[in-house]
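One structure follows; several queries about it will come next.
By letter and in written order, the chains are A, B, C and D; residue numbering begins at 1 in each of them.
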Amino acid sequence: MIDVLYFAWVRERIGVPKEAVDTKASTVMELVEELRSREERYALAFSDLNSMRVAVDQDLTDFDAPLSGAREVAFFPPMTGG
Amino acid sequence: MIDVLYFAWVRERIGVPKEAVDTKASTVMELVEELRSREERYALAFSDLNSMRVAVDQDLTDFDAPLSGAREVAFFPPMTGG
Amino acid sequence: MRVVVQTERFDPGAELNRFSEGLKASGATVSFTGITRDVIGELQAMEIECYPGMTEKALKQIATDAMTRWSLEDALIIHRHGRLKAQEEIMMVATAARHRVAAFDAAQFLMDYLKSRAPFWKKEVTREGASWVDAKDIDEDALTRWQD
Amino acid sequence: MRVVVQTERFDPGAELNRFSEGLKASGATVSFTGITRDVIGELQAMEIECYPGMTEKALKQIATDAMTRWSLEDALIIHRHGRLKAQEEIMMVATAARHRVAAFDAAQFLMDYLKSRAPFWKKEVTREGASWVDAKDIDEDALTRWQD
């Protein structure tokens, strides 16, 4: 089980800020494919990965990153702090 | 008559902060030559013009600047503000 | 070094003085304050979302990087989240170094990283609705100058 | 726009807040504070000489140039002269603009011009005597980046 978190408009499209996902995905991209195939709202949220960022265990990474041992994956739009 | 002002180490070398000079110099450089020929302390203060700046009527300028109509000339080292 | 993430307002002037008080060897202090702009008088609120846990961690890393790279005597980051009104302070950074160039460069580095690498997301609320602020390419591009 | 030349101490935090209070359209405020450094614990005083009349005129010109070039909403320069102790504030600039890059650039422009073009001269007084601070080539060189 991995905690999957969503922020900003990704959270709004998915409809929840956080959920536990039972997955055997070995990379972020595999997890994205799994989620996409679940329901329309996931397919919509993940339709353009160029406008999305990902963090694994609270470190920014990319969609090729492995998920072995990961406890938390977060998807969100490019940041707009400052 | 022109008011001639000195600042920082130029002032210290000349010995006065300000003096009225009766001169017919038509450029700053001519005024410098006149002063140099007056006394040793002037020759010493004006020995290296590369390490000196000049303002005519409170505007930074260079040693070629004309003095026609000028009321105030100031000599000083490179500024060190901020 | 101090990193604060909070919902409450803060006093930039008081923070600047508090930051400066402890300095010994620094001749130069630079501060940046970000304010919720309301150019056309329509902003009702700005909502800032953060990623609890990751946000503080990312800010600490950014501040540590700046401290090391410019041999700063001190660095400060304060960033608010939650619901802000127009004309309120959003965030602030401050840097202290022996010379001005280091203090300026470090403050700009902090801001460039905060803009594109710190997990905050802004949403502007007006009478006509709410919309997420888009990230700007220019902000992403700004980071390239810090990559050696 | 405000330009102040004075012998008295000032409160950088209070000045920053006063500067920020009146702003309407600015999302970004940058401040720089210069402090009398005392790295080796020997500075007894810093004496700053100015050119009454020309100094304020030069500062106003520098501030006006910055306001125009970066479309600033406001700019502030405070510079002390006379006899200062170690760890005291020497001067401060502040700039307010819509975006951070303009606020940072304008503040650096003000500082670069203050360093080499504003008629101030610093003398450091230690137990071993007093000596005029030398102008640095690096400060003169810094000006070239603002010449188009």
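As a convention for this text, a contact is a pair of C-beta atoms (placed from the backbone, for glycine too) under 8 Å apart; a residue touches a chain by one contact, two chains touch by 3 or more.
The shown structure was predicted, so the numbers you read here are calculated from the model rather than taken from an experiment.
Undergrad: Count how many hops through touching chains it takes, at the least, to reach subunit D starting from subunit A.
TA: Minimal hop count between subunit A and subunit D: 2.
Undergrad: Listed by label, which chains are in contact with subunit B and with subunit C?
TA: The shared contacts of subunit B and subunit C, listed by label, come to D.
Undergrad: Just give me the whole-number Å value for how far the CA centre of subunit C lies from that of subunit D.
TA: 23
Undergrad: Can you check how far apart subunit A and subunit B are, centre to centre, with Cα atoms defining each centre and the answer in Å?
TA: 71
Undergrad: Which subunit C residues touch at least two other chains?
TA: As it turns out, subunit C has residues touching two or more other chains at 34, 100, 111.
Undergrad: Touching two or more other chains, which residues of subunit A qualify?
TA: In subunit A, 82 touch at least two other chains.
Undergrad: Which chains are in touch, pair by pair?
TA: Those chain pairs which touch are A-C, B-D, C-D.
Undergrad: Write out the stretch or stretches of subunit C touching subunit D in their complex.
TA: Residues 11-18, 20, 23-39, 87, 98, 100-101, 103-104, 107-108, 111, 142 of subunit C touch subunit D in their complex.
Undergrad: Touching subunit D in the complex: which residues of subunit B?
TA: Where subunit B meets subunit D, its residues are 5, 7-9, 11, 55, 58, 60, 74, 76-82.
Undergrad: Which residues of subunit C touch subunit A in their complex?
TA: Subunit C residues touching subunit A: 34, 48-49, 51, 53-54, 57-58, 79, 90-91, 111, 114-123, 132-135, 140.
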